[in-house]
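What follows is subunit A paired twice: with subunit B in the first complex and subunit C in the second.
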Partner chain A sequence: MPIIEIKHLKKYYQVHKKEPGLAGSIKSLFNRKYEDVKAVDNISFEIEEGELVGFIGPNGAGKTTTLKCLSGLLYPTSGGVSVLGFNPWDRKYPFLKQISLVMGQKNQLWWDLPAIESFILNREIYEIPKEQYEKTLDELTTLLEVKDVLKIQVRKLSLGQRMKCELIAALLHSPKVLFLDEPTIGLDVVMQKKMRDFIKEYNRRNKSTILLTSHYMGDVKELCKRIIIIDKGKILFDGLLSEIVEKYADHKVLSVVFSKEIDAKKLEEIGEVREYNYPKAVIYVKREVSSVASAELLQHFPVADLTLEEVPIDQIIREVFTGKDVA
Partner chain B sequence: MKRYLRLYFIFFRNCLIREMEFRFNFLIWTIMDIIYLATVLLGTYLIFGHIQEIGGWSKNEVLLLVLTTSLIFDLLWTFFMVNLMFFSDLVREGNLDFALLKPVNPRFIVSTRYFEFDHYVRMPIIFYLIFKLVGEIGISPSLLSWLLYSISLLFGLLIVYCFFFMITTTNFWFIKIFNFSNLFDDVLDVARFPSSIYKNKLKYFFLYFIPSAFIAYFPVEILLGRRSWETVVFSGLVMFFLFIVSQKFWRFALKHYQSASS
Partner chain C sequence: MSKYLQIIRITFQEYFEYRLNFVMWRFRNLISFLTLIIFWLAIYGEKDKILDYQRSQLLTYVIGVAFLRGIVLASRSVDLAGQIRSGELTKLLLQPLKIFNFWFIRDLTDKALNIFFATIEIIIVSKIVNFSLVLPKNSTDFVIFVVLVILSTLLYFYLSFFISVLAFWTEDVWATRWLLGIVLLELFAGAYFPIDILPSWLVRIIYWTPFPYLVFFPLKIWLGQASINMSIKIILISFCWLIFFFVLASVLWKKGVKNYGAFGG
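Let's turn to the complex of A and B:
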């Protein structure tokens, strides 16, 4: 039985359009034009227990709206949602006690108090038994290395420390399902890696189901075996990350650095020249002939350096968004 | 139920801890509070320099009304008003989500999360003055009267809370609500004077539409012995009714809630 099930979910918003300027404002007082924004437009997917799924898409794709529907914050326009067997909209307490939604930019900790006070509050709200609370707190604070900042006022902590504490507050009740909305946004490279390592470890240890949204490829590459790509409210791809490379990229990328000036036109015989800025060039060659093409390049041109790689995932996904066939 | 009491206590404790951090702030507000009370009392004295009575009420009786209103004001601010004022911010910034994600009644969190402790010095002063005034008027209310007075004060407090909570709930639609504290002050201003000064139709408006009468008029009349337990029962019924209406309205509004885009 899948832990998360979405069937034909639709969420439409009504926004009113206003013409610019004073005349427009006056007009809109009398005659409001409403438009339907299709934030989520008929999506369906299933997630099994213990999966770590990446939900990616450009800004405005519908990722956050979907997460909010899954956690009961938004009422769907139509369609069915089931998480842990509950209908999230009912906001039943047994349901809420097993899930957690962490939104990158929002905080739930009390600003003027030490983090530990907010933790105590959460312990009471979620009715966590004392022993379990102590054990979980200990585990999390050790894993995230924040044991010594718990008694400092939250407003005096750095962004990284604050985010770690926010994460702890969200995980104290050991949720079975975790929704992470842009968890690494605004963090420096070191913190991003720590956060990713933590999420991976948490998923491994607790076998919790994690659905995370991001537009950082780094998050996706490191954490997710399965990704769901969404854009303009519709799902474009749902499958393994490795599949997407095979399915969408039938080309490979040849990056060359030349040691002498060459005749650019002749390069076209090797493959599709995407970039040429002497001494560097980037050529896309069909997968099957990539080794032959490399050999040819080395034979007929003064090559100083040569690299043969897959099309970067970012590029693939970007091109999936724009509906282009990659390469 | 016990759990909510525990939560309430934790909110209370957290706010207290926070307040102690700002001691200077506390001192200033306490002084300002007392000055404000003195001003209001002085204003009443001045009015009574020119007239003998208002709507059948003598100077001391009106002073009693003023003090009771101030007391309700303090209680309301201590327990509820900060929360209601922050509510529009919560809705606008999409931070109501945190309350909706927790396995707790969201109305409870929204209404009780913050306490204001600025009135701790003024409240005992008001209590003292009320006792003194009762002595000066010459009545000695029985224990029952004091009890009924307290209960009807409590009902009045909750009635005004429900009233303002419903106004706050409209924040779901009117994101930038009109200036809250002004409305509040106006309601209280009306409550400062005996509702008997309003004739006929106007009286009904001020008695029932804006619940100013419940704040001080009814409780003080009980204390003065002019009304009794029927008024308390009446206030209680109004309170229950308002509570149910405000709860239904709140649920209706929640259904239409759309969190701000993150």
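Let's turn to the complex of A and C:
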């Protein structure tokens, strides 16, 4: 049985539009125009136990809304949601005790107090046995290297330290299902890497199910086998990360460095020239003729260096969003 | 149970984090308390009785107000409105914790601190202004007073919760709270002077609102100015108001959470 099951989920928001300025405010007082925003528009998917799924899409695609429906914060407009066999909206304690939602932009710790106080509160709220708490806390603080900042007020921590503490607070009760919303937002490259390594390790060790949203492709590329791409409330792709390359990228990328100036027009015969800036050129060629094209290039042009690569995954996804044919 | 202990601990720590804030607030209370006393002393002048109140009764009333302000008219659930607007409520909704309990526990902590400091302030003021406190005539009055204070504390909690919950729909709950909080509530509750010194038609109107049950009637009973029949009636009506706001707050809370956008992100 899948751990997470979403069937035809819809979440529409009603927002009222206001014209700018005071006149607009007064006008909207008497005549409010409401508009439906389709944050999530009929999506369905299932996630099995222990999966680590990447949920990607541009801003406003509906990722966070979906996560909020899954964690019981939002009441769906229609459709069915089931997590661990519960209807999240009921917010039953046994359900809440098995999940966690971490939002990169939101602070869940008590701002004015040291992080350890929030941890203790969570220990009590989630009724975590003392030994288990000590053990988990020790593990997590060691793994994330924050042992020495637990007694410092949260608001005095750096963003990286705070995010780590947020994560610890969310993991103390060893949730079976973890929703991570932009867990690496605002972190520097080194911290991003650490965070990723941690999430990967956590998933492997605890067999917990993780659904992660991010708009850093790096997060997804490194962590998830399976990805769900969502845009404007609709699912564009749901499958293995490797499949997306096959499905959307029927081209490969030829990067060439020439030793002598050449006639750019002639290059067009090889494939689609994406970039030509002597001495470098980037040419897209059909997957099935890629080797022929490289041979031709070597034969007819003064080539100093040549590489044949897959289209970068970031670009494929970017182009999935813009609705363009990829390469 | 221990989760509530930790909430109490956290609430205390927060106060100490903002010591200056807390001290300033108590100072404001002390000043307004002292002003009120001096004002009434000036009005009484040489007279001993004005508008059915003896000098000592009225001073006792003012001290009672200072005390009940800390117990009844104090609720941290004010912050709930802010949390709804900022989306901070999310963190509470995700945890296996009853929101009403959470705020009530925080309120109790708040009230405990208030009682502690209010007592000190009352002692200070009574040293400055010489007078004798009027005590309840018999133990029945005292018991009724305590029961009524408990009821009115709960009543104010749900009333305040109800106003905060409005933040789910209105953008400017602060304006509502200000109007209701400062102008109506405190005046009608009798937090400035005993309501029954007002013209009788106005008094009758005010008696139809829940506000006099918060401060005025409890003190009336303390002063022994309510018969036993009237006391029972007061308790019953107060209880009805409590049920009314409890239901209202609970229903609106349920609806509001459903409406909640969990904004941000």
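FYI, the second predicted complex is superposed on the first by the 322 of 327 C-alpha atoms of A that agree within 3 Å, B and C clash if a C-alpha of one lies under 4 Å from a C-alpha of the other, contacts with A are read in each partner's own complex, and residues count from 1 in each chain.
As a working rule, contacts are C-beta pairs under 8 Å (C-beta built on N, C-alpha and C of every residue); 3 or more make two chains touch, one makes a residue touch a chain.
Everything quoted here is computed from the prediction, not taken from an experiment.
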Three-chain arrangement built on subunit A, subunit B and subunit C clash or fit: clash
Touched partner set for A:Tyr75, first subunit B, second subunit C, both or neither: both
Touching partner for A:Met103 - first (subunit B), second (subunit C), both, neither: both
Partner chain(s) touched by A:Ile120 [first = subunit B, second = subunit C, both, neither]: both
First, second, both or neither for A:Leu150, with subunit B first and subunit C second: neither
Residues of subunit A that lie at the interface with subunit B and also at the interface with subunit C: 13, 64, 68, 71-75, 91, 93, 96-97, 99-101, 103, 105-106, 108, 110, 112-113, 117, 120-121, 124-127, 181
Touch list for subunit B against partner subunit A, complex: 3, 6-7, 10-11, 14, 17-18, 21, 94-95, 97-98, 100-104, 255, 258-259, 261-262
Subunit C contact footprint on subunit A (complex, rising order): 13, 64, 68, 71-75, 91, 93, 96-97, 99-101, 103-108, 110, 112-113, 117, 120-122, 124-127, 153, 181-182
Subunit A partner contacts - residues on subunit C that touch it in the complex: 2-3, 5-7, 9-10, 13-14, 17-18, 87-88, 90-91, 93-97, 257-258, 260-262, 264-265
Of all residues in subunit A, those that touch subunit B in their complex: 13, 64, 68, 71-75, 91, 93-94, 96-97, 99-101, 103, 105-106, 108, 110, 112-113, 117, 120-121, 124-127, 181
